[in-house]
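Next come two complexes built around chain A: one with chain B, the other with chain C.
Let's turn to the complex of A and B:
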């Protein structure tokens, strides 16, 4: 019985994705399932639209910069907490994770006020800042776990062999935490690339992200181009995870020591 | 290398203290190590030997005191600026590099690239790992990993090599073999070694000098023979080898002889009246190694005793005795053809020669 339930749940999890992907191949002029006839016209419309492509470019760039910045910041924070054992280390760690706890709607409102104060509302830089804050909780844990697992004696060995701190960092510390770094980059990229709720408060006429664009399209029309966009995103993220796992290896379920 | 300056101290440790949270992990240590010496820091875990080693390496800074290399104070120099190699307890080989790159690391870090390849291969050959250059450190055996660590730390020809219990994870046979190799490499390179261990046999067999440490202090610093045969404190006598340790008060002094009344017994033993036993009433202890205790027939020797048990170890038999002086250990050579060991319960007598006795102020 429980087994049957488990199987049903497991089948249900990817079901919406399957439906979206299938309905993107419809030949009808509206979103429907099951589909009427097979066609690639909605992919043609998506990839032929300057607007969709530019929005996708913005999202990719935003996610890339956000992932790099929040992973670098997470590494620095984890270094201070794990290696230098700064005072109140666990309190700082908890603080970094707070974006997970606060409701995104509340964060959105706070960020409108903050970015308006900075004069960054509706700008790309403003989105980068907010996406960094939102992705840090996902970036911090893998990199901190990798650093906890890395042997500090490796760094001492490098120093005793005459390597200055930067050289030790590049040649010894960084390779030791590489799987954690890749996981951090990947998760923060995906979180940022997918983010709707908070971003919705902050986009404007000059900057728009792909998931927010999809959301507003859904409100306005039920064009199957949305399904084509979504299917492309599914393919894109899966491919990224698969390739990174093959090439570098991802620590999916990172344990703390 | 010419002999000039052979007796010069390469390393001098001056009144060094290291305090962690108010307790002294290293407590006023003074040591000097000569060029080319093999010095061992010996002591139980927590005695401060590893902390002392880490201060010499530059991973910890002394709370007070100085560490001098060739007369220059380097207590506050960063580790990378010291010409000191180190072999770590867990070896700390770089897991993402192969054997060759591990060994070459020090030359690259110090930008000595001119003869990098020749020097690296020379070191790999010295530790007998030719043909393993391209192996990852996870693909070689424990003994081979040990050799990589050694070659890596020696490639830059440091003034001093520190070894932090590098053999403790190996089985006995491999350990013996690597001990011999360490000695050979030390002789061939002429590099000064400071070796940390808690294994007194290892210390005795390898070292030119041993610093026996306890509770952050050096209890005795001397040759293996001195530390074993002339322990200066009870701790040294008990930690280095097994011993019979008897306490008492000097009761008679006459010329160069004296007598010691042993505590808790009515037994009086004869001792040489040295500087330690000049006055009656002085509290003293004697340490007598089990292999210096002789056994004889009843009344033949000084102390009446009965055999309690024996254990056989190939070349020797060790007897536990109940004697008038208290429990004693006697280790005698096993002589084939001379029958069985003495049976438990048998009455014998035990004795020793004057030069087997070490007097320790108690």
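Let's turn to the complex of A and C:
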């Protein structure tokens, strides 16, 4: 019984993704499954559209900057909590995770209010700020775990051998937490690149992300070009998961510190 | 650099991000109940006195509860199977983690392709003559719950799996070698130890299903609103920000009312278990 449920679930989870990828190769002008004939015309339309490409560029840049900022902020916070053993360390860690217990629709409205107050609604800077807030809870755990595993004695040794603090940081501390950093970067990149529920409130005529564009196209049309764009998103995610698996191993997601 | 200054500098970036979030939260609540400089709860009494809003709230809670229930019922066996699997467990993990990381837009869209009038299921049904007209599989509660379960199930499985993987298999075997039947060993050994993971999973799935917008909108349409889709409409179509802020505050309250007790219970259980005490 357990086995039967598990096997069905493990087939059910990838199903819609496989269907989207397969249906992107249709030659028909409308979306249907099974597809009517094989063609790459929807990929040609996607890659020939300046609009889709610029939206994809925005999403990639946003995810990249967001991942760098939230990983750096997480590393700094983890440094204070783990290395300096600050008194309210556990409380600080809990605080950093609080955005996770807010429903996304509510976060969306909170962010409208926030960005409107800053005059950043519908701007790229506004999206970067929001995506940093959303990805810090995911970025924090891997760097903090790596920092806990790294041996502070190595840093003390480097310092006692005369290395200046920055040199110690670059040559000793940073390499020791590298797997954690890479994980944080990739994890935040994926979360940010795929985020839609909060972002859809914050885009505007001058800035748009790929998942939000896909969302509004699905609501308005049934053009198979959406399937081609979605398949490209899937390809991006696969590449990230592949690198994550190589760097740290996929079991990272089910490990507890 | 003196230590307090260095610590302040290290905490500054994350403090800034969380500070922005906290200020936004306060401003959200304020903008829903302060009108023209005075405290005014009329938006809330409007919401609670309109039959369609009350129905929408009830629908949201019902769908979230059903989604959570189905996710536990199929997520637990899956996590248990994966935790006890002796073969290539990494491959099974990939089947869970990879879909989890694919954007919810893509996954919900996949269900539109499968359940739609010209989709996979209706293709099979009409081709085999099981029905002469396409079945209505989406734009109803069934489609929404199916989509939400699919989107959120990985959270449940991951939460339970991360606890199950910590339970040594020998514990279960010890119970059985002492004469406990498998079902008894499962109920008295595995289940209590897995409970914190189950509670985390329930918390996440409930939370995310009450606050979902994309999946309910794509698979439920504009007719069958949930609180998330209602907020979306207020903002995107009616530009009624105070109403959206009031609805968002109601959403927060309903979510936290369930989530905070669960979190406290989960911490309590985890502490009890790590102290080695009885439940």
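Structural remarks
Following the convention adopted for this analysis, the second predicted complex is superposed on the first by the 242 of 257 C-alpha atoms of A that agree within 3 Å, B and C clash if a C-alpha of one lies under 4 Å from a C-alpha of the other, contacts with A are read in each partner's own complex, and residues count from 1 in each chain.
FYI, contacts are C-beta pairs under 8 Å (C-beta built on N, C-alpha and C of every residue); 3 or more make two chains touch, one makes a residue touch a chain.
It should be emphasised that the depicted structure is a prediction, and the values quoted were computed from it without experimental measurement.
Upon superposition of the two complexes on chain A, no clash is found between chain B and chain C, which fit side by side. Of the two partner chains, chain C is the only one that A:96 touches; chain B does not reach it.
Of the two partner chains, chain C is the only one touched by A:237; chain B is not. When the two structures are aligned on the shared chain, A:106 is found in touch with chain C, with no touch to chain B. Among chain B and chain C, the chain that touches a larger number of residues in chain A is C. By the touch criterion defined above, A:32 lies against chain C but remains apart from chain B after alignment on the C-alpha atoms of chain A. Using the contact criterion defined above for the overlaid structures, shared-chain residue A:205 touches neither chain B nor chain C, since it reaches no partner. In the superposition on chain A, A:163 contacts chain B only, with no contact to chain C. The superposition places the C-alpha centres of chain B and chain C at an angle of 100 degrees about the C-alpha centre of chain A, rounded in steps of 10.
Here the smallest spacing between CA atoms of chain B and those of chain C, following superposition, is 11 Å.
Residue ranges on chain A touching chain B, taken from their complex, read 151, 153-154, 156-165, 167-168, 171-172, 175-176, 178. Only residues 57-59, 78-80, 82, 84-86, 88, 90, 92-96, 105-106, 109-110, 152-153, 156 of chain B touch chain A when the two sit together in their complex. Listing the residues of chain A that touch chain C in their complex gives 1-3, 5-10, 12-17, 19-20, 23, 30-34, 69-70, 72-74, 76-77, 79-80, 84, 86, 92, 95-96, 98-114, 117, 129, 132-133, 136, 140, 190, 193-197, 200-201, 211, 214-215, 218-219, 226-227, 230, 233-234, 237-238, 240-241, 245, 249-251, 253-256. The residues of chain C lying in touch with chain A in their complex are 3, 6-7, 9-14, 17-18, 20-21, 23-25, 27-28, 31, 74-75, 77-78, 80-82, 89-90, 92-114, 116, 118-120, 123, 150, 153-154, 157-158, 161-163, 165-166, 203-204, 207-208, 210-214, 217-218, 227-228, 231-232, 235-236, 241, 244-245, 247-249, 251-252, 255-256, 259, 263.
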